[in-house]
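Common to both upcoming complexes is subunit A, partnered first by subunit B, then by subunit C.
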Partner chain A sequence: MILMKDVIKRYKEVIALDHFSFSAGENEIIGLLGPNGCGKTTAINCMLSILKFDKGEIEIFGEKVDPNNNDIKQRIGVVPQEIAIFNNLNVVENISFFCGLYVKDSKTRKKLVDEAIEFVGLEKYRKFSPRQLSGGMKRRLNIACGIAHKPDLLFLDEPTVAVDAQSRNFILEGVKKMKDNGTTVVYTTHYLEEAEDLCDRLVIMDNGRNIAQGTLNELQRSISTQESITVSFLDDEDLRKKLKSLPNVVNVEKSGEIYTIQFEKHQNNLPNLIKFIEENQLTYTQISSEKPSLSNIFLELTGKELRD
Partner chain B sequence: MGIFKMTYQMMLINFKDFGYWFWTLLYPLLLSTLFILTTSNITGDGMEDIPVGITEDHQLTVILEDVEFLEVTETTESKALTLMEDNELSGFITENNELLVTDSGLDQTILESVLNEITQMFESGIPPENFSFDNDFIVETHADREPQVVMFYSLIAMMVFYTMFSSIEFITTVQPNLSTMGARFQSSPYSKVKLLMASAVGALSLGLLTNFIIITYLMIFYQGTLFSTLLPTVILLIFGNISGIGIGFAIGLFPKINANFKTFVGLIVLLALTFSAGMIGPGVRMLVNEHLPLLNSLNPVARVTDTLFRINLMDNFDDYMMTLGILIGIAVVMFIFTLFALRRKQYDSL
Partner chain C sequence: MTVFKGMLLHFWRYKIMVIIVTFLFFGIAVLFAQNQSGEAFETSSMDIKIVNEADSEIADGLIDHLSTNNDVDVVNDYDRDQVVEEIYLMEIDGAVVIDENIESKFVNGASAVELFTDPRGTGSIHLNNEVSKYFRFLDADYNYTGTVDTENTLSTLEHGITVNIADPENTAEASDFEGMKFYTNFAGYIIMLLLLMFIGNIMTEFNQPELRDRVRVSPLKTVSYTAQIISAQSIMGIFSVLILFFGGIFIRWDSLDGVPLDKIFVALLLISLFTLSLQFVISSLTTNKFLINGIANFISIGMAFLSGIFIPEEVLGETVQNIARFLPLYHFTQIYAEPGITWSDSFTHVTILLLFIIVMLIIGIIFENKRKSSFNL
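Entry: the complex of A and B
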């Protein structure tokens, strides 16, 4: 559905996209993940043919993107990162206006607008001005304006920034529903837990480059840390040296009484650790094992933490 | 959606904006009220013809009788002197084409100017049937005579260009490098031509509505006559509104400047043009005409002001088509420029 190949985009001296390649198939949610300024929005704007790019190719629905290609545009929906609505129009009028850029027939449009309002849960606020809505509701309205015409491909650019928990859940559930209805979603975020929960495939971006892509499992397998065990000891002794001597350990971090031990293989690490605790007569209050998170993956791939 | 629905939506966006109504309706109404209040004491009885005497069977009689603002009486020099002392004549033209006056004033200045012009035209061999007395001195001197009229006309001229604010806002909104909504417009398949037309028609409709309200207000509350030829006035106002829309589109295209700043710049430029056209009194306009004559001949606000004056108070349409041509010319150039700037546009940066 989307094929982006070796795209280079420069802003004078700054390279925003550096040989960026990316693909998305039908009916999947693909996450573009990376810190602020890594090139996610630039990549979307190039795909939307709003931004010129210096080199590379972009195809959507099998056709080269072009500002004149209205057939492609007709099948795409956009939810910009910033809230992009008319403050002078109420909820219904806003959605109807933007839906009207795609749908000519007024009856069809009315039906689609009603569905979009229901989809984002703003039925009680139909006649409300955006000024009367909370930040989360405005975000939902922003989304409704981009999805009302039922696009086959939807670009959602950081839709949950500065959103309350209730609206965030509503938005995430909505995105899943859209996928169930057959829409392909390109979802950019720098919230790792969101991406883990939502996306079928992930593309990790840093400095305009695609540094890794695949499913969460594939990404987890691609890094050296395969298991992370967190244990909380009651003993005062610094155990880092001793823990590092355990098989497969690649790193040990200590934060207060909590130790995070990273293992390069997923092989009897927990039994080995428990055996170590018993042999050293240590007291622990809790212990848990988990596969590497996206945060671990990002840290290992880029050498830096992904922060808000 | 279709172009009519889009036009309606564009109107709705402005219709619900208090700022729009303040600047396009309340502010001109406030100015109109102030002008009416401040000029109510100095309003005269309107334009009065200048009584002039001339010797019997003079070759200029026929020519002078054609001048709209002159009331020509054939008489003798002695009778004329008596009539001038009784203020029934402002001047008398002798057999030798000399102007005889017993007083000095505006009427006498106008008569002298007319006589000089006739003499010059005779000397340059222009046949009498081609004589024209619509030169600027006439407008200026009449403006001196009724300064408040120029103020009202320049206020109306300013008001017709207020449509620029809608188009500045629109053009800024649809560009992704200037507005968050720009990405929505730019990535949609909706025709840019239709969008532009809908915006223009929407701005024109609301502009004419505000014009209608303000003009009705003036017609009701202003004591003198402002509009004697309604249809040509309405056509002039429509063209002025369209020209304002075109100018707004061009201002809206300026990159890297937000809509509020552009609107502010538009307002300042418009006020300067209106100031130069004589809104705070004809003195400024005369000063500009004297020292920078090109400025007011190119100043669309001054053009509309002058043309409103000429067609309504002088019944003079010689300059009318030229003004319409300039206004529509500005609009067409700006529309085409805007369309080319927006169509198939891809941005280097956002």
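Entry: the complex of A and C
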């Protein structure tokens, strides 16, 4: 559906995209993750041919992107990162305006606008001007303006920033529904849990490069940390050295009485640890094992923590 | 059509402001029109009683002068109270009592006549004017020749007045024309100011980069987008021209003799087109609302002053008049500059305005392209 190969984009001195490659298949939600300024928005704008890029190739629906290729544009929907709505038009008028750029027939459009309003849950605010909406509601209106015409391919650039948990879930459920209806979604975010929950496949970006991609499982397998066990001991003794000597342990961190132990292989780690506890006659209050999270993956791949 | 409709919707949002401004404008215009008709009344004839106590050439001359366009009733003696009452009851507009020693008084420079008028009426000023005009001219003649020659004075006076009064038809036409000319001048200024402000503000909305990007990712062709914007703007322009043009006809409908309505309409249409093209240049330079409102006021007021919209051009200095030749608003006023102006007289100014419009469009397109390419760094 989307094929982006070795794209280079510079803004004067800044290299925003550095041999960036990316692909998205049909009917999947693909997450584009990375810290601020890593080039997510730039990548999307290149795909939308809002931006000219210096080198590389981009194809969408099997056709080269081009500002004049209106057949492609007709099938694409965009929810930009910056809220882009008319402050002097109310909710319905705004959605109808942007939907009208794609859908000429006014009866069809009316129906689509109503569906979009329902989709973002702004039914009670149909006649409100954006000035009367809260920040989160404006975000939802921004989304509605981009999805009303039911695109086959949808770009969502950090749509949930500044949206409360309830609305966020509402939006995420909506995105899943769109996928069920056959839409392909490119979703950028720096909320990792959101991406873990929502995306079929992930692309991790840093400094304009694609540093890793795959499903969550694939990404988890690709890094050295395979399991992370957290345990709280009641004993005062500093156990870091002893724990480090266990098989497969890569790293041990201690904060208070809570230890986080990272293992490089996923084999009998928990039984080994329990055995160690019994041998040393230690008392523990809690123990849990987790697969590495996206934030572990991110930390290991980039050496940076990605915080919300 | 979505962009076209969106723009008209934006315009509709300003409806209350538009209505207020329109009412203010017509309010001022109606006030001005009434003032005009008052003046017209002044020039019409008055009933004057003249009490001639003297037997003198100067007195006869004054009577002759006042009789030229007033109803004059000459008597030989009078009752002061009765005259006052007649004036109070508006049976007559005023009375002039000519002193029996008018000749010697005049030579000594003393006041030789006594006037009775109703200070409430406009006739008071007029009668005063006429009498003092007669004596001023007589005095000038006397100082020059050393003799009193009323015949000469009267002919000078008449010569001076004929232009104004010989053909009352013409006078009415001239005053009708002056009124409509002032109205149109003012309307031209208002069109510039309003279109620059309203369309300027609407265009800042449409030109926000985020919104432009949203339109750019859509399948709407640039040509279609531009065409829709231009048609919406033109509708607003034509709408304001129609309101001001027919509004003017409506409030001045009984005084339209000799007014070149066709030229006025064309002039208004051209100035609104010019304003739209100027607006195009401004909005391709900035999307800052404060700046746009500032520029709108600065340009329209400045141009209006320099082009003699508020003050007659003749009053302004020569430099200003020379500058005015380079301003579109000046050529706008020249299209309907005289009552009987012909199309061939207006032609130059119509052409110059059209050239202004074309030049503005070209500059606008250049700036617009510059801005577009700066998007695509």
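Remarks
Here is the rule we go by: the second predicted complex is superposed on the first by the 308 of 308 C-alpha atoms of A that agree within 3 Å, B and C clash if a C-alpha of one lies under 4 Å from a C-alpha of the other, contacts with A are read in each partner's own complex, and residues count from 1 in each chain.
Note that in this section a contact is a pair of C-beta atoms (placed from the backbone, for glycine too) under 8 Å apart; a residue touches a chain by one contact, two chains touch by 3 or more.
Note that the structure is a prediction, hence the values are computed from the model and not measured.
After superposition onto subunit A, the modelled positions of subunit B and subunit C overlap sterically.
When the two structures are aligned on the shared chain, A:Ala84 is found in touch with subunit B and with subunit C. In the superposed model, A:Cys145 lies in contact with both subunit B and subunit C.
By the document's definition of touching, both partners, subunit B and subunit C, reach A:Gly100.
Within the superposed arrangement, the part of subunit B that overlaps subunit C, taken from 58-66, 94-102, 112-120 or 328-336, is 328-336. Common to the subunit B and subunit C contact sets on subunit A are residues 11, 45, 48, 50-52, 67, 70-71, 73-74, 76, 78, 80, 82-86, 88-89, 93, 96-98, 100-102, 104, 145-146. The touching residues of subunit A, counted against subunit B in their complex, run 11, 45, 48-52, 67-68, 70-71, 73-74, 76, 78, 80, 82-86, 88-89, 93, 96-98, 100-104, 106, 109, 145-146.
Interface residues of subunit C, counted against subunit A in their complex, comprise 1-3, 5-6, 9-10, 13, 205, 208, 210-211, 213-221, 375-377. Only residues 11-12, 45, 48, 50-52, 67, 70-71, 73-74, 76, 78, 80, 82-89, 93, 96-98, 100-102, 104, 145-146 of subunit A touch subunit C when the two sit together in their complex. Contact residues of subunit B toward subunit A in the complex are 1-2, 5-6, 9, 12-14, 16-17, 176, 179-181, 183-190, 344-350.
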